[in-house]
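Below, chain A partners chain B and then partners chain C, in two separate complexes.
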Partner chain A sequence: MFILHPVMLVISFVCAGVYAFLLRGVRVLMRGLVLLLPMMLVAAAMNPLFNHRGVTILTYLPNGNPVTLEAVLYGLAVAGMLATVITWFVAVNAVMTADKIVFLFGRFWPALSLLLSMSLRFVPRMIRQGRVIVVAQKGLGRKPNALKVISILMTWALENSIETANSMTARGYGLRRRTAFHLYKFHRRDVFALGWMITMALVVGVGVALGVNRYRFFPSVQFHALSGASVIVFVSYFALGAVPIILRAKEVLVWKRINSAM
Partner chain B sequence: MKFNRVWISLVMLATIVLTIFAGIYFLDDRRFFVISLLILMQIFIPFAFLYESRKPPARELVMIAVLVAIAVAGRAAFFMLPQFKPVVAVVIISGVALGGEIGFMVGAMTILVSNIFFGQGPWTPWQMLAMGLIGLLAGALFHHRNKSISRVVLAIFGALVTVVVYGGIMNSAGVLMFQPQPTRDMFLFSFMYGLPFDIVHGVATAVFILLMARPILEKIDRIQTKYGDFRRNS
Partner chain C sequence: METYQLRDVTFTYPKRNHRALSNINLTIRQGDFVVLCGASGSGKTTLLRLLKPAVAPHGTLTGNILFERAPLDDMPLRDVASKIGFVAQSPDDQIVTDKVWHELAFGLESLGVPSTDIRLRVAEMANFFGIQSLFRRDVATLSGGQKQLLALASVCVMQPSVLILDEPTAQLDPIAAGDFITALSKMNRETGMTIVLTEHRLEEVLPLAAQVLVLDAGRIIASGSPREAVMGLREVESTFFCAMPTPAHIWAAVDSCGCECPLTLREGINWLAVQRISPQQSQAINSSAQIQSSKYSFALTLKDIWFKYEKNAPDVLKGVSFTARHSEITAILGGNGAGKSTLLSVATGLIKPQRGKVSATHAVRLLTQNPQALFLRNTVADDLREITSDANELARTIGLCELEAVLESHPYDLSGGEQQRAALAKILLTQPKILLLDEPTKGVDAHYKQSFIKILRRLASEGMTIVIVSHDIEFCAECADNCALLFDGDVVAQSNTRAFFAGNRFYTTAANRMARGILPAAITADDIIEALHEV
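So, the complex of A and B:
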């Protein structure tokens, strides 16, 4: 999220965009980006307005501060970064289903992950019970308002919670060595994928730390010419960002092949 | 237990201070985003382990889950009105009724759960912190006298805390997340830009507290009387 090199931004944005498109289709992706458009504009505009460093002065603000070309470019890079992050999160929201979050939490924090999964379960239950209450109130000839419904719902939910808790205790909640159900196993291919990602991330990290692809905005835009090292960093960055796309594409192909074989 | 808690808080504080100094000296005081993320992790992780080590009783977990679900369902019910949400009100009432720690849990968990429905983003940890702090504050200030607290005081507290704590943290987070080189003016601008939204949010919170505080506090109180306080006999 803090690499502002334009080439790196484009690589990351393309990877995120393709992946989010594969997962959610073009409409969800566009909606996410359009919703965030005002935020991107503000982020882009903030820089030229408040950042007066840079040598190429374009014009002056009413208060006498200069607007510089460098700050405008910097603002654009920031907006690009924002778009990239949002696109990645469109994908994250599709991939990170609740059961995965609960599983990840459950290793270290069993009580918290139980709390999370219970809360998730209760939300649809509350909404459904809310509808039941509205119907019941109407059947009694009353006109239920939202607060009345919430109040009734609350009583029902709290009373119900006692029953749930008693049932949990009766079934051995809090005893040691209880495990949570999950379908995840660490296979050899996972080792390979993890090793691949760590290696690529390390290459990129070392490259960034050494500054082989430095891109300086202030006081004047300056960047290193394309060198062997910087190409390696770009390729590794792409190899890292493309991992989810490759995995997803493989799954889709396998699925299609199995379907057509049947 | 008491000792344990003090200990962990001290270690937490020390690592945070160390992180800030490391940021100033080794990263040239320029990597605000990395540092702020590290600090967030240093707040959440000890808190999570502290909570686990207490082995919370089943009744407490279910109670928190119910409050979280009410808050999330409330956010869903009012989704067509931006910023006009009962979430802060529910979190504050939970803190007042059940204490700061549970208030923090309800706040942070509500954000995590509702973002699973409405979409996660880089802002999730900041929202969790802000909402958790609001629950913690409400519990610390009002829990010990929750029988006598007036709705108006709570409503004013709610409005203030929504604008200052939630708005303050989220407006700063916006700058920290997306401006690698923040300046003071950017923070000021962000506060100005966010203020109208925060005020609507604060007013909504006050309204919801005025309408809901009494019945919800009574209900939680009633359940604790009827079945026994879960913090005393689990």
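So, the complex of A and C:
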């Protein structure tokens, strides 16, 4: 994701794009692209204005600074990386619901997962109670002012949290050795998926560390010549990025096959 | 085996002179279903909470409380948490987490039970209470009754040997309350779990109880089986009778032949069948159902109201027409989701209907369900002064709402009934001519209900037009001049109260169902008592 090698960028961007499309549909993706493209262009255009490294001078700015080919290309690469990151997040947003986040953090810090879970309940409750107070004040024939509503809301929240605290102690909160329950199971196929992903990531990592696809933008753009090793790295990188796509596509296909058979 | 033994238990709150409980002696056996009752302030909640150290009030305690024959004080915290389950009144406040499954697991997480065991215990509990379909839901999407069932289930997963419940159905509508009591009795019957609860809705709970304890001013004034407790209560001539089930209430007022006290409606019907009622008396009550006042004018008229909350949402109100007469109390009854609260919001002008017309002779004021949404200051007196500083007006309203004793208390420290009256006082100070009340009896005990009825009747006689929206059939029957039934977004019936209830077969008061065969037009316990006294 953070590698600026153009081939790697394209691989990652394509994977993210396809996955986001599978999850959110073509509309969300198009809307995303409409926002992304201008942003990419701006990022690509801005870089040469401030970055003057590089040996291939294209032209000079009015203030005398050179615009270099290397800076333009670097700007494009960074813009591509930004777009890729954003596209991945579009997909992540659809997959990672709050309770999954709570679960992940809960493994390392049970208190935090409880805190998150309580906040997730508390905030919407405050908003709802705020509305109740506004209606109550209007019923009294008054225009509710924000300060009053917040003051009533605070008293309400504090008073009622005593009852919540009671309910927690009544159920043994504060005893030692608290566990964190969750609904997720680690299946065999999770082992396979995880193993696959770790292997591919290792291949890519080792490849990058050994410099089989070394690249540089400055002072002049240079890429390591294509070799067997670099192809392996590219393929592995694709095999890593395509995991969610394969899983998702398989699900869709199985669903269609079973339903059409019926 | 005894679950609890209390020996000479006396309790005093800090900085108070009088005892909240004095010389309580009682034994609760394993598997008992115990109902603690008494008026607000009788000490029943104090006694109940002393049974679970984690929620016990602060103060001075003398005497001994034994749990399974060992002093409760010496019990390890882990056992207190797991063996004694506690369910409180408010469904919203006692739920801690955002997901149903997480809430169910909460107690077991605290005890450090491994995930695999939690999975099984949570599953069996969800099945037992029939809430497995809610398992992955957000707590916020549940109804009040479902939340309270969840609270019960998430205590039961810890497999306690005793369950302590503090007015668990006070915030629920009658249907949800019935479901909750059914679940509780199932727990008691099928697992032998000891149950101790305080309750002011006794009609359904009392027949289930193995032991009933009636408290008054910190003392047990009657105890034993439900029948023994009612008899004992009659001997000490307690005013608490208004809270008893209707058949017992009527029996206590009239029985002289030494018949056994009826507790359930079925027993009540059989008991009434052998009583003598004069024909004139039944005539008198019947004819009063026919009386219709001929001269009246409307204070509030809603005509063909259609309303929905969103463009594509279903209609909540479907062409409702409704009228409220001047200086009368009109009650709107109806189940959950019938659109009652929406109708009030439309009548108050808080929301505009998509179609139809609302006309009122004066400004309409609305007292919403939750009185806590009104209180702004640290004492009741300050809170009322916030509306007006006119001393005469304040004194008059405080007197009317019987708030003298609680003026210096924090509004949140009042009982449900007192909070409701403080909120009423606040809205009365705005000088309303037309007053709408949304579920005014929620969380209010029988005694306060009576005083609330008196206040409302007095206001109506002084010229105020009152509209009440409520689930509480008994309250509406005693309080209202007219009743309307709202169903599926429309008023399906509206008539004078006696005609309304006497005409219904199922949606009617316990007294009416009990006396239907003999006094078809009797709708309150007082009607029947009067008829029986005349003989």
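For the reader, a short list of remarks on this structure follows.
By our rule, the second predicted complex is superposed on the first by the 225 of 262 C-alpha atoms of A that agree within 3 Å, B and C clash if a C-alpha of one lies under 4 Å from a C-alpha of the other, contacts with A are read in each partner's own complex, and residues count from 1 in each chain.
To be clear about the criterion, a residue touches a chain if its C-beta (ideal position, glycine included) is under 8 Å from a C-beta of that chain, and two chains touch if they have at least 3 such contacts.
Since the model is a prediction, treat every value here as computed from it, not as a measurement.
In the superposition on chain A, A:I127 makes contact with chain B only, not with chain C.
By the touch criterion defined above, A:F238 lies against neither chain B nor chain C after alignment on the C-alpha atoms of chain A.
Once the two complexes are laid over each other on the shared chain, residue contacts for A:V42 go to chain B alone; chain C is not touched. In the superposition on chain A, A:W196 contacts neither chain B nor chain C. Once the two structures are overlaid, the count of chain A residues touched is higher for B than for its counterpart among chain B and chain C.
Shared-chain residue A:G174: touches chain B and chain C both.
In the superposed model, A:V78 lies in contact with chain B only, and not with chain C. Of the two partner chains, chain B is the only one touched by A:N51; chain C is not. By the touch criterion defined above, A:L115 reaches chain B but does not reach chain C. In the superposed pair of complexes, A:M96 makes contact with chain B only, with no contact to chain C. In the three-chain superposition model, chain A touches both chain B and chain C at residues 98, 110, 114, 118, 120-121, 125, 151, 155, 159-161, 164, 166, 168-169, 173-174. Note for the complex: chain C touches chain A at residues 52, 54-55, 77-78, 80-82, 85-86, 88, 90, 92-99, 101-102, 105-115, 118-119, 122, 136, 139-140, 151, 154-155, 158, 345, 348, 350, 363, 365-368, 370, 372-376, 412, 426-427, 430, 432, 436. Residues 31, 33-34, 48-49, 51-52, 55-59, 61-66, 68-70, 72-74, 76-77, 105, 109-110, 112-113, 116-117, 119-122, 174, 177-181, 183, 185-186, 189, 193, 211-212, 215-216, 219-220, 223, 227 of chain B touch chain A in their complex. The touching residues of chain A, counted against chain B in their complex, run 1-2, 4, 32, 39, 42-43, 46-47, 49-51, 74, 78, 81-82, 85-86, 89, 92-93, 96, 98, 101, 108-112, 114-116, 118-123, 125-127, 130, 146-147, 150-151, 153-155, 157-162, 164-166, 168-169, 173-174.
Those residues of chain A that touch chain C in the complex are listed here as 98-99, 110, 114, 117-118, 120-121, 124-125, 128-129, 132-133, 135-141, 148, 151-152, 155-156, 159-161, 163-164, 166-183.
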